Amino acid sequence: MTPLLQVSDLRVSFGRPRREVLHGISFSIAPGQRVGLIGESGSGKSVTALAVLGLLSETAAVTGSIRLAVPDGDGPTGRQLEVTTATEKQLAALRGDAYSMIFQEPMTALDPTMKVGRQVGELLGLHGHRIPGGSRSRVLEMLREVDLPEVGRIADSYPHQLSGGQRQRVLIAMALVNDPVLTICDEPTTALDVTAQAKVLQVLDRHFTQRSAATLFITHDLAVLAGVVDVAMVMLEGHVVEAGPIREVLADPWHPYTKGLVATSRLELARPGERLPTVADHFDRSIPVQGLREVPVSWEHRARVPGRPGGGA
Amino acid sequence: MPPRVPLSVPLRLLQRLGVFVASVVVASLLVFLVASALPGNVAQVVLGVQATPEAVARLEQEFGLDRPWPVRYGAWFAGLLRFDLGRSYLTGQPVLDQVLPRLGVTSWLVGLAMVLALLVAVPLGMWAAVRRRHADGFLASALSQVGLAVPSFWLGILASLVFAVQLGWFPANGYVPLSAGFGPWARHLVLPVVALSAVQSAVLARYVRSATVEVLHEDYYRTARAGGWRTVQALLRHGLRNMSLSVVTVVGLQLATLLAGAIIIESVFALPGLGRLLLDAVAQRDLMVVQGVVLLLVVAVLAINALVDMSYALLDPRLRIERGQVR
Amino acid sequence: MKRAALVIGLVLVAGTVLTALLSLAWTPYDPLAVVPANRLMGPGPGHWLGTDGYGIDLLSRIMVGARIAVLVGVVAVAIAALVGVPLGILAGTAAKAERWPRLVADVVMRGNDILYAFPAMLLAILLAAVLGGSTATAMIAIGVANIPPFLRVARAATLQVSVSDFVTAARGAGIGRFGIAVRHVLPNIAPVVAVQASLAFGMSILSEAALSYLGLSTPLPTPTWGRMLNEAQPYAWSDPLLAVWPGLAIGLAVLGFNLLGDGLRDLLDPRLRESVQ
């Protein structure tokens, strides 16, 4: 099957003199596949996410290739769009329709001067979707789908009248309203408290399952990732250092950084009175990072590959 | 210290209205004190240097100038409340009678110049912001920087030089009221309005540019783009309304500058507006007229700014009444 | 690019100020001497910019005009800064204080808002109606009209400095409000005030030109840029260059001060530089 997204040797650099922040990463996402991307802040996760939809600022220099499958109303067409060379018009037609994105900051991500129902609804018309019964009914249905209470009242609210968790669910409704084949979630739960976090994850998980939709789910929280995705990539300093099915990565991490991540997330193993484990216990930052050259479509875990690069600890 | 409790919307509007009224009182006192408390004898000016002291004293009494200033201010202010700006010392005519026929000229000039300035500045400023890393965006920025440095009356002189004197497209000066026909009226106003609005466009364009750059860095702008709006669409649909807050503030504050500019533009193009009236009154030392017209203009500015503040309630659902950052 | 703007600004400002200073010691011709034989000469080797309707050398008049523009600018900006900055610091330090000082701060800010409604032109008209037009009229009117932006900028900068750690530390050390303002706030807001001063200087030159065009500023016979433009108007048909030179002088001088102000701001305030993302 043609992948929805095919990234190869993606490099992004900023500023003058050029400073490269992504050092040639490659991966692909198949229809319905749920891919996690984990790493610390500054590792290049968000840059990757923005690059995929061509949303990086003009100051960014992008090389390599990002290809998005172009579906029409009924399904895949076999056509692909090369994001790095596409026009704004071509990209805009895909954004918010077949491909959507959810951001980290729900507090500031909505237009403060527009009622949220309208912000959701305008995306229907923008992409030319005619809704029997009118877009209002679809908006309310969508707000219900993200488990918002009193959807009529919420649709007529301005963002500042909603809580952070409610706003994030509105943003999710905006991202999902056109039934995308792939949704990029850039730390959608980071800014939320634990209860709101669980709610948002539940809503997303249900949607992806019901629609067999794909996602690129970005987080720095391994526990969050484990519940949502099938396969995962670990990013470090602009490299993908480990990739594979999430269970295998968790059970048998091979990169020292991943080992550190896994160890620090398993607090139930910590004994009272002992110092908590840190990533630094497993991983020496002074050693230059070597990235995987490619992540095959099969997402085979490199831990099983003989002679794996940088293996062992 | 206890934090200030935010007031409800009607209370805030009422509070703003109170501030406006207080401002008008203070402003009128200020105008009166400068015009009346400084040395200089109106009666002497009216009668000329040859006048006898008795004649001067008689005229002073007639004008009521022998009363202490608080009494005179009180009388003047009481008149203002009845829309009575006083009487000219020279002609004895009510000041308002001189103001009314000239009000139209200045209002048209200022109003049209502001509209034209906005029509130019908003696209220019947005363009300069969106394309700020390209040559054309830089050119738009440079253009507004240059526009900021050019005196409007010089532009007026040059414009009349080229379009009136050389090409003969428009009359070089004078005014025809709208009642005499739209064509002649418009032809007389084109050059003054363009000259007055050019500098204003430059000022506004710089604000629009920085407001747009701010929007381009906003999360909601990124959300809009991720939803499928193209750069310019996202700006118009989600940026414009957010920007309008700070731009409207600047428009209000710029009104004072625009009125000042109108006074000089009226002089360049010999338009019979309030500016002309003011300058003639200054030349004749007709203090009552000067005092009345200056206050009228100041109150107009204060009123517009009060309306701007109140309009925030309409533009921003969060109703932040604080003013935009203004340099 | 930003640095280039600053350099251009510096060059133009230096040119204006040096021309003004030079005019005190030397001008090519007597800027007041009427020479009927030399009326309306075009630009040439003898008179670089030509002569006006009285046969007076235009370059000499432009140079003296620079002197007036700079003089009015210096005094007006000094008035605006000396009144606006202390009031701004006062309003800034008292903004978060207890009852009385806060009330004073509120009154100062309200007064400032009212003053915003009085542009230099209206103040000058008011003063000129009473005292007659003079250089002092222009200086006072422009100075007073420029108080509000200084006050606002100084207040904002003070508010910003007041929350910084070293001011908190000084307050903890028992230094009074006034002591803090003089010792810590003033030096820290100086850069912002310098930027505002440069921008206000540009505004002042524009205002002075407008006032002298209307005859509300420096009286005859001293040449000013504004008056030169006024005198050039009757010759608009035959000798348009007469109206071009003074306008260029005004434009270049104002552009210089504006670019200098903007450049200084970019240099001093790194937060205003656009981030990478």
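Letters A, B and C name the chains as they come in the text, with residue numbers starting at 1 for each one.
Just so it is clear, contacts are C-beta pairs under 8 Å (C-beta built on N, C-alpha and C of every residue); 3 or more make two chains touch, one makes a residue touch a chain.
Keep in mind it's a predicted model, so treat the numbers as computed, not measured.
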### Query
Where centres are the averaged C-alpha coordinates, which chain has the largest centre distance to chain C?
A
### Task
Would you indicate which pair of chains has the most C-beta pairs in contact?
B-C
### Task
Could you tell me the distance, in whole angstrom, between the mean C-alpha positions of chain A and chain B?
52
## Note on the structure
chain B to chain C, mean C-alpha position gap in Å, rounds to 20
#### Entry: Residues of chain B engaged with two or more neighbouring chains
none
## Note on the structure
Listed in rising order, chain C residues that touch 2 or more other chains are none
### Task
Check each residue of chain A and list the ones that touch at least two other chains.
59
### Task
Spell out the residues on chain B that touch chain A in their complex, using ranges where they run on.
133, 218-220, 222-231, 233, 237-238, 241-242, 315-318
### chain C-touching residues of chain B, taken from the complex the two chains share
1, 19, 22-23, 26-27, 30-31, 34-35, 38-40, 138, 145-146, 148-151, 153-154, 157-158, 160-161, 165, 213, 253, 256-257, 259-261, 263-264, 267-268, 278-279, 281-282, 285-287, 290-291, 294, 297-298, 301-302, 305, 325-327
### Query
In the complex formed with chain B, which residues of chain C make contact?
1, 96-98, 110-111, 113-114, 116-123, 125-131, 149, 152-153, 156, 196, 199, 202, 206, 209-210, 213-214, 216, 229, 232-233, 236-237, 240, 243-244, 246-247, 250-252, 254-255, 258-259, 262, 274
### Summary
chain B partner, complex, touching residues on chain A are 53, 55, 58-59, 88-89, 92-97, 100-101, 103, 105, 108-114, 122-123, 126-127, 158, 160, 171, 174-175
